[in-house]
Each structure stands twice: as structure tokens, then as C-alpha cells.
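Two complexes come next, and they have one chain in common, subunit A, joined by subunit B in the first and subunit C in the second.
Entry: the complex of A and B
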């Protein structure tokens, strides 16, 4: 899976979690750039990412990722990519 | 609350030692409960720095480092218990606790499994013509992304949105068990760093007792559970479970839980007719709350 696929899937997840088709993200996007995405709603985002990418993300490292790019790198590493 | 040293001048009795608490809004309730212990009260002055803004809970204050240096106990949320943002002050705090002080780290629990569409309420920044008896505009304690999306689309009338939302089965849209597990695991991983624990209590009691008022706000049952652990750390007897029976919830505000979520988790402590203490003067049922929430009234 290449970076564009990761970003596309990630974006789709955010759109579904927040019911907002307007959400557009890049690797530099942080939670504050997306309406509704904060530390509380982050748990749901992580759960949906886990389902899509079939990897565990409910831990301190994933919870502390600073932006979308960092989270994608964590996911890739755990998928052995 | 920028640059706020303290919301009021604390009463400091020089015959007592200082017990400093630095934390989120829940710390106020914990301080209050601690002072219900006569042993605690007769030994300590309580000085509570608190902020409702979790991202700036430390930077909001001008911490009196001399006061900290002389404190017998310093209780605080350790870095990482939320997306605190400016955590360097926490690191500074932890580094500045002298060997003469007892440092107690405590959690800031949160739970979204009961409110899976939790978001901050964006309309609270708008003017609201509904005012409470104190003439403050009505604010909603938290937002609901599903309803906000329906409003944004503008395809349905407010009545249709209410009807659709009330009749949703949220358990078909969100894996609520996984969300509960995710909430608990997140808290558990953060709890490794704290002296005071909360996850086991939530696991054992969330179906039978009120544990949360809203996603970020604990209820009296958890407040007491946390306070009793602090008392134990200080060498004092725990407070009786009934001590808060005559009090209303110390951490406002209660947010209604969707009936399908109540059914899914088989919550025993409320039902669809339950009236929620959303503010001091307003106790709507779930449906009454949604009718007002959709219309922002």
C-alpha cells in the first residue's frame, strides 16, 4: 500500500467518524485542523484505523502521534511495511 | 482563564501543611471530598489550581513555585493524561517537586462509549437567546457529530432530525463494545504512570453505577473512589460510601445517553424516562434534550 492509499483511507475514516464529507487531509494535518477531532474522539478514530489497517493502535505511542503522517508511519511499521 | 494564579485567595492556616492540587475541572470535586475527611481537614490547607481548558491546564496558571517548594503534598495529572498540548510545564512541575513533598499523580478519566458521537459543541460560541435564570446563555455540555452533520446538510427539518436520531440504533453504526474497550485500554495505558487508579473501578461498576456525567466528566462515585485513594496515601481512613448521598453531582453537567446505548450496555442506573441534570435549572429526558439540542434552544 502506498502513502496515497493510506491517506485516502485515513481521510475516509475521518469523514465517516465525523459525518463530514468536507474533511480533506494531508500528512501534516493535525487533530486541531479537523473539526471535532480531539483527544476524546481520537479513540474512535484509532478504532476505525485499527479495523481498516488490521493493526493495534490503542497505546501511548499512537495516542501521542502529532499528525496524520506520524500515525501513518506507526501503522506502516506495525504492518511491517 | 489566562494567567490565573488562583480563582480566589486560598485560606492558608499557618498551623497546617499545604496540600497543592493542580489539575483539570475534576480536581475541584476531589478537593472538596478530601475536605470531608476530618483527619485531612485538620491537617491540610488545600490550594487548588484548576482549569477547564485541558490543553492549557498548566500554562493557564502562574504557579507559585515557592508555595510548591513548601507544600507537603502536590497532586497533579502527569503528562500524557490528555492531549495536554503544552506539557513542558508538567515536566517542569514533576522536576520541581522537592524530596520533602509527597507527589501524587492522578488520572483525568474520560469515556466516549456512552456518547459515541462526542465532539466539542461548536455552536456554544454563538449567541443563544435562551437564558437561564442567572441570565447566562444556554450552553450544551458537549456536541453530537451525527446531529451536527444532519443540520449542516440541511435536508431535513429539525423535527425530522429529532425523530430520526431518537429512533437510531447506535449499536448498528458503532461497535460500542470495541469503543468501551478502547476507552478502557487507553485509560489503562495512561494509568501505568499514575499513583491513583481508576480503570478497575469503571470496569466493575459502569453498568450498575453512574461513573460519568459526560465524556470528560466523572461522577461522584469515581470522585469518591479517587479521593479515598488519596486519603490512603496520606495515611488517613477512607470516607464512607454514603458520604456523598446528600450531595448532587459535584462535577457538572450530566449529558443524556441515547436509549440504544443504554440498551446495548444494559445500564441499570437509568432508563429512557430518566431526567438528566444538564444544568442547575434544566432536567430534561433524553428526548426533551435532543429536541432542544437540535434547535439550539
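Entry: the complex of A and C
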């Protein structure tokens, strides 16, 4: 899976979690770029990412990722890519 | 432990310790569980108390504890009482908040309480060591755990007279951060009322993920169990946030009976636990919804999902609580079904400001907060302090033996707003058929995930962002049905040609760094914000206008 696929899936997840079809993201996107992205909604984002990418993400490393790109790198590493 | 003669926290603990056997405190730490007896906890508290004494900490000195959940964190609080000091848990630095602002706030609290000690865990200690701005003398910091070489040998401590019990801090940025000083007699009065209503027994087991710096975590899930000998299982709040199922695993493993949850937690559990996961939750006697407006929709979704796991609908209860009253003000009886009303069943209010904001829509079921705790009196007041009739909305005012007298601030003791002996809560509600319903508030607070934020703080911070028309900002509370909690919505008017999305990002970042709150931001056309006749931005009117759009 290439980076564009990751970003596309990630963006779809954010749109669903935050009920906002206008959300557009890039690797540099952080929580403050999205209305209402707090620590609890972050857990819902991680849960959806876990389901989509079939990997465990609810831990300190993933919780502390600074932006979308960092989180994608964590997912890729855990999937052995 | 030598005990004082009058009925105090310390002689209550001494009395419980004489008959307590078995495990009292369980701490879930990753995949491991630490088990401690009541005697283990007291022994550790005595050991830490000796260290306090060596540092010269004594009568009425303040001890601020910033540490993740552990035996030492609990023992550090009890140990403070053993030297006559006044403990307080403070929130740790989170990943969201700006470290500079966090340390500045902490520094100001320590500066306000000059004769104090900061007790921290290893993680915090490392952060303090790398922080030059705090300027703390090493003698004013105690790191946990105390290693065996530093641990003094135990010697009996003569109990000092002890009037102050602990301090709970309100939310808010530096300028408005207020300490609620709880006296020993207030705690004992609260204990007596709590035991007539919530009735903890030694055969119970309280399971909690709540932070100890929150009144519900501290009082309902640590102090009341400590003073009644009720076993507790504590889960780290961050672990629970990431894995909410830990609460149910702990209930199933340790036959948990008593649970306290803010409303958002009902939704977080429902939203985040695997729909196929199953737990045996049949041991639960009560789950008390507290610290946020209790919403029927959150409770109903929770019961639909977890009823099949053994949660009986009759086990769901509510309570209206606040740090200013130690904790609980009302309770819904454990043997009665929760009452529900709708807006139309209440008479309209006649409050002075007209700035009250309601937290429920007109067709929404409103859960009763139950009956007032024994010894506490509630008065529903109009705008000038006159009592309202049954069923008529007004400001909830309280009087009783657990109510505090003053806030502690950097400017000294500040009396709370009162009508005669009654403390004005700033909440809007009514008493109907002997039960309290809280429907809104006139005070300038937004409660998000059980935590209070002052609207004026949020607006002041937002006003610092470049591109905002000065003073043309309002912080509003909007209910989010999905998360079961309020959301902060900032409506702002801009000046100049800044790009809207960049401006919104800057505002969200500023609020996150300064206050640790994730907000929604909307830029609205100039001149759209409505002001009151006195020239202040009207929260109630702007909320109405926003909801109409």
C-alpha cells in the first residue's frame, strides 16, 4: 500500500469520526487542524485505523504521534511494510 | 497510630484499620496488578510522612502531588495528614498542553502556597530537572518512589490538631485558578451523608479509572472507600482512555460493585468497546452518572449495549456533585427507578440576568439528579434570592455542613457568591416531587469530558490570536450527542484579510496549548455577534442565533 492509499483511508476515517465531509488532510496534518480532535476522539480514530489496517494502535506511541505522517509510519512499521 | 479524640479523618482511618483484613487497594499497571492491604497503605503513608517531617513540612503546609496512579501516590496524600499538612492532587502535564504554560501555572500555585512541597513521580521529576523556568529549590520537591536508602525508619508520629483536610482546584488558567479548601469536619459530614445514601460496605468493590485530581475520582473512589474500608481497584486514566474495556475487565475479575462515571464515559464505553466483546458485569450494584449533565440518550445507548453483559437498568443512578460541597449534593436512591421529565413540565424562570443557557433540547428526556443529601438544603432561587415554588426553574443554591467557605486564590481567601447562607452554584434547575433536576447554567462555564472550563478564559486566550477583532469572540457550549458531552464552540469575528482556515488553526492551537482543550471554531461575518444591553457579548443570545442557523 502506498502513502496515498494510507492518506485516503485516514481522511475517510476522520470524515466519519468527525461527521465532516470537508476534512482534507496531508502528512503534516495535526489534531489542531481538525475541529474537536481531542484525546477521546483520537481513541476513536485509532480504533478505526486498527480496523482498517488490521494492527494494534492503542498505546502510548500511537497516542503521542505528532501528525498524520508519524502515525502512518507507525502503522506501516507494525504491518511490516 | 495514636488518634485524636474527636471524630476526625485520622481516627476514622485508625478505626477502620483495626478491623480491616484482606486486600484494600489494587492498582492495575499495564498487564500487572499490584495488591495492597489497608496496613500496607498506612505503613507507606507513615514512611512518607517521616520524609515530610525531615523536609520540615508540618501544620497546614500544602503538599501538591503530581503523579500517575500508584501506592505512593495514594500514600503521599494520607501521609500529609499524618504531619498536619494539607494535600492536593494536581493534573500532570499532558501531551496536548504547552509545557511552558503548564509549568508557569504550576509555579504560580507553588508561589501562592509558599510553605509547600511538590511531590512528583519519576517522569515529572525528570521534566522538572530539565525545566529552568520553574525555579524550584530542590528541598521543595520530593520524588516518588522514595528508595530504600532514603526511606527513614518508622517512628510514631504525634498527631497534630488537624483542621484543613485537602484542597481541590477548579479548572481555569492561572489568573482564575481557585482552590477549594475542604476542612476535616466537612469531610466527616460528607462521609456521614454518603454512608446514609450510597452505603459503601466492606463487601463492596469500587472500580475507578477517574483521575485523583478530579473530585469524583478523589472523594467517591478513594477517600470514601478509605474511610469505610471499602476495597478499590484503580486504573490509570490514560490507560482507560485508550482501552476503555479495562474498566469492564476489572469489574469482571474483581467482582466490582460500585462505579462512578461522568456522562461522557457512558458514551466512550459504548462507542469504543468492540461490539462483539462480552463481559460478566452482573456484580455491579450501582453506576452513578455524575459531574456532567446526565443525559438519558447516553444512558439508554449504554444499557442497550451492556445490558446483555449483566448491567441491570435499575443499577444506573445519578448524582449532582461539586468540589465546593466536598462532592455529592444529591443522590438517586438505589432502590428507586430513575425519574425522567421533559422541559415542558417545569415552570419558566425569572432570573435577573436572562443569561441562563439550557443544556437540553425541549423534547429531550431529562434525568432526575435525585434527592438532596441528608443535612444539605437546596433552595431554588429567583434572580434576587427569593425561593421559587416547586417545579419552577431558578438558580440552584445550597447550604449545609459540607459546603465550603471561601476559595483560596493568589489574592487570598475569596468568598463565594451567596444569597444569605446559601451558596449560589450558578446552575439552573428545579425541585419537583422532592427531586432536583439541573437543566442549565447561568455561570460562565463549559463542562467538557467532566472538566470545567471558564468561558472568559477561553475568550481571553482566543483574543490574543492575531487577526481577531478585539472583543468580538464568544465561547459557547454545544451538546455533542455522539460523545455524550459538551463541545466548546468559539464564534469569532476577524479583522484584516487572514485566511479563515489558517486563523481557525491558530485559534485551536492557542486554546490547546494554553488550556488543553480541543475546540470547534467558526468565523462569522463582522457585526453578527449579539451584545447585551450592558455591552457584553451575550452567550445565551448568540447560542440561540447559532442554533437557528
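FYI, the second predicted complex is superposed on the first by the 81 of 81 C-alpha atoms of A that agree within 3 Å, B and C clash if a C-alpha of one lies under 4 Å from a C-alpha of the other, contacts with A are read in each partner's own complex, and residues count from 1 in each chain.
Everything that follows uses one rule, which is that contacts are C-beta pairs under 8 Å (C-beta built on N, C-alpha and C of every residue); 3 or more make two chains touch, one makes a residue touch a chain.
Here the structure is a predicted model, which is why all the values come from computation and not from measurement.
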Touched partner set for A:35, first subunit B, second subunit C, both or neither: both
Subunit B versus subunit C as contact partner of A:64, first or second or both or neither: both
Where subunit A meets both subunit C and subunit B, residue numbers: 19, 31, 35-36, 38-41, 43-44, 46-47, 58-60, 63-64
Touching residues on subunit A, where the partner in the complex is subunit B: 17-20, 31, 35-36, 38-44, 46-47, 58-60, 63-64
List of subunit B residues in touch with subunit A within their complex: 54, 80, 82-83, 110, 112, 116-120, 122, 143, 145-146, 148-150, 152, 174-175, 178-179, 182-183, 185-186, 189-190, 215-216
Touch list for subunit A against partner subunit C, complex: 19, 31-33, 35-41, 43-44, 46-47, 58-60, 63-64
Subunit A partner contacts - residues on subunit C that touch it in the complex: 94-96, 238, 241-244, 264, 268, 271-272, 448-449, 480, 482-483, 487, 504-505, 508-509, 512, 517-521
